[in-house]
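Order of writing sets the chain letters: A, B, C and D. Residues in each chain are counted from 1.
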């Protein structure tokens, strides 16, 4: 308790007078109030409150990664807050089921009054996308145009400024690049990885060659598969090949950040890698949950409107579905398993590396 | 589209300027803003928005049952809206998981600044309880006192007035009593039920008597069980016994409403009973979900505070847990299966009764 | 209790000796047992148990619709069982989260031992798809080939026979066609619909013409939208246009079944339409949940394998994602809102039609 | 791929022939098969499969804690597997909703055939309880008796043997006691905690004394609250007081284990404490989810049976509800916040202690 602290009343603290007076159905303006417009308003308002919360957490995480040094203790907090975002996302995904309790016919009683408002105008949602790392270039045309044709000028300017600031993607990428882990004296992670991969594939090749249960065609297919895998592993370690993949937008992270991530994923049980591994997992899940939200949202729009055009003029669900692929940010983490080697193909780390990745104090 | 309808902008429509400015952490008043107070505020605000929506649906359902006659078409709408409430309740129950992403230690950084605010002061939540049918008398002492000691005067008056208006429980009870279904000419449901119950128990008794696999003790136990069941069935049909059960608060519905409910439940596949059966099921589930919410909420409070005293002075979770039982409304529906007879013990309804419960047009 | 009924023991009843002995990790055959293979087996076994349950419900629903006449009481049961399927689907969708607790690296410890087993070989899942109405022709090539290349002969034969039996889609379509609802004496639903649609569009046109807030370009866009809607409504009522849409696979239901569905959806609050409307809604949701399952499953596979090739030789997630669109069955119900008119554009039904759609007994 | 590895077929791998043939409704023995008995069987079988999985994870965690030394890398795995248990528990809790799609009347069609089978006879569930740390003494009488009266002899013996082996509770308690963290040279955690607690309470007292907004009665209440808190903190540090609390079963963990837990919780952002803190959180959540399952299960039983007696002779739901409290294991962790001090009341740890809790390598 603080000196002379005033007693607090629940309703005042939460500003319920404002909050609960902010639902004004437009149908009332043109005749009988549509019963279900309240649901429509409240569902969207709840989304906006959750967006605010998610941006609050995201902002604090970005502040941390903007610093030159991220302390171990801070990383605990970062992971904790990203987990909270994921929990909120799960709720937001299920919330689509609440909107779906509105039948298409109920929606028809008021949708015309909302023209041309559209969810594409949610500034907080666009802010979320941009903060995570969605670039204008990744957006499909329809979504790009929404900046120019649907946003009020000050909103557009605000978002355009935001697009020029480093995103979480870039901050994490740069933090991964800075990690002094890929080399310790003689030890170089990529050498270890390269020789482990080569050995494994050689063994696989031999097994296929000597397997009596395969017919000629199957053997060929298997060998082709191995060749293909060689190519994939090679691309990761070869500068030029890596650049090509980046140009085709098949990879976005820099090569060095990618190698750091791979090292972390392959040896995630080492104490020093534990939190970074959780960080990578969290970012993957945030992307995954967001994608599921987009997909479910697109389905809901289709169910509500059929092939009708949305209140904002879009033929809605087709565009929305396309954004599930185009608007993904951390897809490199999502595809990380392309490059993963099985545990048994990996050597133990050299003793001094292992120690470097451990605690001062060893546990009992 | 309406004549000269003004174009609508997403953020204006949802009044986001108000909504997103309504989060003012109190920790800021006494020093550094606590990062997690925003979560605390937003979680509670989202709850209040959902309460508003639930009350919106509940109000419309109560309006319908306040009319002398409830049309069949209206009953469709009633069930639809009650289902929506249930869907929202599921979300509200899961939302406790979001609050639980706040560690007890994070809560400690600002909880003292909120004294003596308390969730007991949520007027919308108390309105919900009262509208459903929670009487002052059912409340445990601690919860009763919250009316006098924690509410501002105008809030208390508002709720006291509400307590004198008919609740959903009473409206539905009276609608069930009015249903002209229990008697059709010679047919009386309670006679059918009574003879079916008597016959079933007589057969059970005979089976037990002749079952060779039972020893004497088991046989006695089984026979006692049958006697007990006789008593239960009898209480339902005997005015005086029924009153006794009401006085012990083991039953709340009037005898006639209870018999109507039982008829509906036993023959729920008849077309005319379909929507009433869904109504009964919905009310049961609303009660069940609310109870689960109370229970999870009590657990969360315990985890957050341990045996510490809540910001409002309550030692929280113990009281909260006790309300899970005391504050249930439709427990008669919940216990309905006490009186249910198995399908095979029931006779088919007489032809003319069956027809009366059907459609004009028979389906093909 | 039955005469001389034997006492039942929990573990015997559930055949736990068989059930809990049916998990044999293949990794044990080639060295150290992989801890996580048990999860992989059990998750799939649980899916297969749920599939069995879903097929059990689906089978009983199909039996009902195979009869010449579907009684009103049976329809209650049909809807109840479809709802159960939906509840199980929700659980199955969330179950993907359990599989995702296995990291890609954990999967790598045993996935090679399972070659070439694949989820494409789940006979129960294919049975589910076929029973709902998935035709060989709708499947993408990759999925089609799985019949010939991956199934054992007796499984393939079993499914091919099943493909020749009427599916739920066809049974429901034929039931909708048989409904004697579209005409009552002078009343013809399509005439009512046609004139209501025409009147609404004429009014819309006039509003757009006279709206002063629109500039020339906006007016043109709006008018084009109205023309397009006219075309859509027309296609529904014109035999030739309807056939064209069917040939393009934009519609699958027969014209008569489609009109019945539309009538039901537009006047769903009429008692006789209540259960049919719920039936349509349930089938829509089953399709929606299945689609979401496919989508989440595809994401999970991508996360687990990256762009690696699956144990069955497929490059997995791309194919899986494509099936989310191709394998939908009841998409006509999903798109129904394309044709829906707002309530206020619809006239009240003539008194005698309304009565025909009501109960013998009117409710009070 | 392994040398001469045999190709694997999905159905064989999962032993679907056994699995899908293990559903034999008992209703078939006495007349017409009850449609819904299949659901009853499958729901229980799925639970048993999940129990097997949970026990598989739990067993591996207990093996780890049975070793004299728990390596840091192992702790990562422990937390990962406990999280998997929690994810499965969430699914199991939602699965009650599937059982609830069976109406009480549907259950009545076959329940008599199952007498006296009962969920109390699930050996895996009892094994789970015992492995976590549920002692015979904690069980309510009804549950205790189930061992002697309802279990077959070999099952009872198996469980009784298990009761004599160290449980997870005891293994974790002993691991916490062994942690060499409470003292580092001059630093003693309990001294730090004691002086911080004393200082905080003294300040609180002064604030209350000087707060002008409080009336005499409020001041008294506040001061009493502070006295009470003093007692609570004291009990933790005083051997005798601590023993008293243990005798009243208000605390179960040893004093030393409790202090270690508290140290971890208060300074959980320190790298070395990160995994132990996650461990404590996981155990708390496992307990919480299990309690919620018990509660929802009790509600479901009540809804299904009313106040009727269960198939096993129990009047079910009352007993079940009582086990939600009696059968909790890690309630000390659950109540940990009773003893937590706010961050600002805690001093920074001495530099050398902090270093000892950090990594060899500091992160950038």
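Just so we're on the same page, contacts are C-beta pairs under 8 Å (C-beta built on N, C-alpha and C of every residue); 3 or more make two chains touch, one makes a residue touch a chain.
Protein identities per chain, from UniProt: A, B, C, D = Tryptophan 2,3-dioxygenase.
Bear in mind that the values here come from a model prediction, so they are computed numbers and not experimental data.
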item: Any chain in contact with chain A (Tryptophan 2,3-dioxygenase) as well as chain C (Tryptophan 2,3-dioxygenase); value: B, D
item: Label of the chain whose CA centroid is most distant from the centroid of chain A (Tryptophan 2,3-dioxygenase); value: B
item: A-D or A-B - the one linked by more C-beta pairs in contact; value: A-B
item: Geometric centre distance via CA averages, chain D (Tryptophan 2,3-dioxygenase)-chain A (Tryptophan 2,3-dioxygenase), whole Å; value: 32
item: Centroid spacing, where centroids are CA-atom means, of chain B (Tryptophan 2,3-dioxygenase) and chain D (Tryptophan 2,3-dioxygenase) in whole angstrom; value: 29
item: Distance from the mean Cα position of chain B (Tryptophan 2,3-dioxygenase) to that of chain A (Tryptophan 2,3-dioxygenase), given in whole angstrom; value: 39
item: Residues of chain D (Tryptophan 2,3-dioxygenase) engaged with two or more neighbouring chains; value: 1-2, 5, 7, 103, 112, 268
item: Footprint of chain D (Tryptophan 2,3-dioxygenase) on chain A (Tryptophan 2,3-dioxygenase) - complex, ascending; value: 1-7, 68-73, 75-77, 178-180, 204, 207-208, 210-213, 222, 268-272, 274-275, 355-364
item: Chain D (Tryptophan 2,3-dioxygenase) - residues contacting chain C (Tryptophan 2,3-dioxygenase), complex; value: 1-2, 5, 7-11, 13-16, 18-24, 26, 30, 35, 38-39, 41-42, 44-46, 48-50, 52-53, 56, 60, 80, 83-84, 87-88, 90-91, 94-95, 97-98, 101, 103, 112-119, 121-124, 152, 155
item: Of chain A (Tryptophan 2,3-dioxygenase), residues touching chain C (Tryptophan 2,3-dioxygenase) in the complex; value: 103-105, 108-109, 112, 221, 225, 229, 232, 265-266, 268, 284, 288, 291-292, 295-296, 299, 302-309, 313, 334-344
